[in-house]
Amino acid sequence: MTAVDSTKAEMTAPVPQMRRPWGTWALGALILFLAVTPFILVIVISFGQKIEGAGWEWDFTLANYQRFFVGALWPDEVTFLHLQRLYYALYYAVIASVLAVATAFPFTYLLTRQSRRAQSCWLVFILASLSLSEVFIVMGWDVLLSNRSGLPMLFEVSGATDWLKRTGWFDVLREWGLANPRNVKFKTSEFATILTMSYLVWPYAVILLYPALSRLDPSLTEAARTMGASPTKVMTSVILPTVKLPLIGSTLLLFVFLLGSYVTVVVFAEPAKQTTAVAVYESVRGATLDAPFGAAQAVVLLVTAALFLVLAQYLTKRSEAR
Amino acid sequence: MTKVAGLSLKYIRKAYGDVRAVDNVSLDFADGALTALLGPSGCGKTTLLRMIAGLEDPSAGSISLGGQDITRLPAHKRKFGMVFQSFALFPHLNVSDNVSYALTIAGTPRGQAAARARELLDLVQLSAFADRRIGELSGGQRQRVAIARALAQEPDVFLLDEPMSALDAKLREDMQVELRQLQQRLGITTIVVTHDQHEAMTMADQIVVMSEGRIEQVGTPQAIYHQPENAFVADFIGKANFFDGVTEGGNVRLGAHLLQITPRANFIDGSPVRIAIRPEKAGLVGEANRLPAKVTFVRDVGPVRDIYLDTPIGPMIVTDSDSGQPLRIGDAVAVALPAEAIHVFPRVADQVAA
Amino acid sequence: MRRLFGHIFMALSGLVLALPIIVVAGASLNGGRTMLFPPEDPNFARFVEFFITETIWVRALQNSLIVAFGSATLAVLLAWPLAYLLWAKGSKASKVLAGLGSLPFALPPIVFGVGLGFLWAFIGSLGAIWVGIVSHATLFLALPLVTISIGLQSIDRAHLDAAATMGATEAVTFRTVILPQTLPYSISGFFFALVLSFNEFIVMFFVSASAYATVTLQIFNSLRNGYTPTMAVAAVLFITVSIAVFSAVARWGDLPRLMGADQSRN
């Protein structure tokens, strides 16, 4: 025990120590105040009460949560409207994050096999698209998916619409809500929502998978090949098992990220299929102006997100421990 | 074990852009022998090994095994076992599963594959570690697992890329002997890439010395050491003192001194040559080619002494193991260069002695 | 064959990634006020509008710049002592503090935005521009924290010993050894925070309380009325800034390493 302690002391000794503990305390207090109090306030206010026409007041009532899970008029009447919004938030986020990781994985794998220079160029492009605001991304897809220009027009002009009509696929698309009587239509639809969401997190997926894949020792795959593994077998028996945990961890992080997406849902999702994030906005600043209820919905979102974050953290730790 | 005989390379070349990593290499590997590809880093030895394994495609030339052309055969269809420099053990599998990997993916029943893994782990004395995770093994144990794993598919050829470089010096010498004994017991055609001449000389039946993508010399360890074919080999294998001179009647003139050479060098008079003599072949006693010398430094490492000398033809080192003569820096002595121990190589006129 | 397939896949991914950006860039050239692609009557009238004539956009751009530069600077200043504490002490408390500091970036921004809205309303400074700066600095604290930590970890501790044996005090060691070696990482962290702040709008929406607007917030506010080509000009500007900034980071720093690539390879 003492031996361990002394080596530890030796290791840390050369690093200059901070001599002013009050500075450390002040820093800690400032960060707590800025980063943590907002979340605490949201939680506290979620137990508050709305005052008609004025705002809200402190209280300790579970009414907001009751309203979220079973409806305001419970037990006489039960509605799952708000739960349904949470369901749609989860639904969009799950599909979009899985889709993004599934397509970003082969891309990132190929990227890490490129020269350092080529990787830098790609990373610049990926980071630029990653940091691009949701409003701009939605703007781009809005133009691409709108009925007057973009893809539907391309379908019409290229004759793809006629072809779809001839082969009978058009009726299938109409059933899925992806066509009006005249042409294909992508707005508003689950398809457009999920597509844009996947696009939104795709660069994040690349950045998250990049470390794990670029540290993958190429001699592992070569070793497998010398032992008779075909390229497909190498992928399933070596690469995927080695990066399984980062893969799941990344999916979870993207999922959490997408839980809060707002603009995409407002623009692309059908009114009946809006999400909790939109509802939070509506309650706090939008038409209904019910801050405590908005806070309660935010808390539900927060808890959901935190649960998956902890899971992701755990998986990342486990993959690093190996 | 049925063995497919005869691995042979013909005019193998590998170019990366303008750089020729491997240039015009032709080699035949003796069945059941251990061949070491030896050379400084960047000489193309690893690239050559990777081409044999099927991990790189040669730009030109052909590789054949038992008369079959396998140049374009992908690695996974070659059945060559390979040990990697980093060992490349799969972190998600335990020791036993690593060893039986080749069998498992080939569809061998689990029980049979596990039995074969036990057998191989026995061979490398790691039976007790079958269920361990890779992360729990030491460097030496990892190497044994890597060897066992490469042997699992009963490979036609056994390839090792710098197998000792991840081990510390003491372990390295033990493993060299152990690996050589294992290879002799199995009688498997083996190719080892190394930059360490001691390693090559400890293990190999045949050494291939390479530099800048080309083969400099092929031969047994003794032949490579005692009859180097050129200055590079003389310099790279063991130590040597080099001097530049010109030929004169089959002997070599260095300034005012004419060194006797046996047998006489076969050069036209006046040809620029470089001569080499090993430190242990030169001596402070003896009659041939005596030169006056002054001691500049003595390194006494116990069994032998390295004596650093200043001579009229330039500085040299003499390894002295038996004279026992007391020496101090500044002493005037005489050095003898036995005529039959001097190697003469052609020299491009403006080349400067190393 | 396989290789070709890989190249095609990468190129296709790049194309899809670029597609909306190309479309927006095209739409910014529209002569009229509707978002059409391909653009109708293409000219640069919308650019003039955005940068010069329409005060609402000019002011929004100014706000964006003030908030982005202010918050990125503040984020780096806050992240430095925290990263240093984490590296020098590595204590449990510093790890917890770093974790809490990264919380706003990891959780849904709408929740953090709502919370900040409450917080600043209590203090009574909702709608002040410094509030926007502080809010964004907190939101993006995690970015310089990560890059500076990577930089500190790359310092060979033997260098500190060497400096000490040559008579350097702690302060001198910090100034002459630690700071210069971590400068590229601090700058990278600054730029990451800068670009993301530039593009963020949800948190800004809650803390600005309609008192002022940044460019992305201005677009967000007029979302219900649909997009206009002038907004597309903003998109073109923003993507250009991002590419320029990250190119600079790639040029003067090691982008693959910053993103977590293994140093020993390539």
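When the chains are written out, they are named A, B and C in that same order, and each has its own residue count from 1.
The working rule: a residue touches a chain if its C-beta (ideal position, glycine included) is under 8 Å from a C-beta of that chain, and two chains touch if they have at least 3 such contacts.
Small disclaimer: the values here were computed from a predicted structure and weren't measured.
S.K.: Considering only which chains touch which, label the overall pattern as line, ring, star, complete or other.
M.R.: Contact map by chain: line.
S.K.: A-B versus A-C: which interface comes out with more C-beta contact pairs?
M.R.: Between A-B and A-C, the larger count of C-beta pairs in contact belongs to A-C.
S.K.: Report the inter-chain centroid distance for chain B and chain C in whole angstrom, where each centroid is the mean of the CA atoms.
M.R.: 54
S.K.: Averaged over CA atoms, how far is the centre of chain A from the centre of chain B? Could you give it in whole Å?
M.R.: Computed value for the inter-centroid distance: 55 Å.
S.K.: Can you compute the centre-to-centre distance for chain A and chain C, using the mean CA position of each chain? Integer Å is fine.
M.R.: Chain A and chain C have C-alpha centres separated by 18 Å.
S.K.: Going by the touch rule set out above, which residues of chain B reach two or more other chains?
M.R.: In chain B, nothing touches at least two other chains.
S.K.: Residue numbers in chain A touching 2 or more other chains?
M.R.: 231
S.K.: Which positions of chain C touch chain A when the two form their complex?
M.R.: 2, 6, 9-10, 13-14, 16-21, 23-24, 27, 35-38, 78, 81-82, 84-85, 87-90, 93, 97, 100-101, 103-104, 106-112, 114-119, 122, 134, 137-138, 141, 157, 160-161, 164, 170-171, 173-174, 192, 195-196, 198-202, 205-206, 216, 219-220, 223, 227, 231-232, 234-235, 238-239, 242-243, 246-247, 249-250, 255-256, 259-262, 265-266
S.K.: Give the list of chain A residues in touch with chain B in this complex.
M.R.: The contact residues of chain A facing chain B are 217, 219-220, 222-231, 233-234, 237-238, 241-242, 244, 322.
S.K.: Which bits of chain A are touching chain C when the two form their complex?
M.R.: Residue positions touching the partner: 11-12, 14-18, 23-24, 27-28, 30-32, 34-42, 45, 103, 106-107, 110-112, 115-116, 119-129, 131-137, 139-144, 146, 148-150, 199, 202-203, 207, 210-211, 214-215, 231, 253, 256-257, 259-260, 262-263, 266-267, 277, 280-281, 284-285, 291, 294-295, 298-299, 301-302, 305-306, 309.
S.K.: Enumerate the contact residues on chain B facing chain A in the complex.
M.R.: Contacts found on chain B: 53-55, 74-82, 84-86, 88-93, 101-102, 105-106, 133, 135, 149-150, 152-153, 159.
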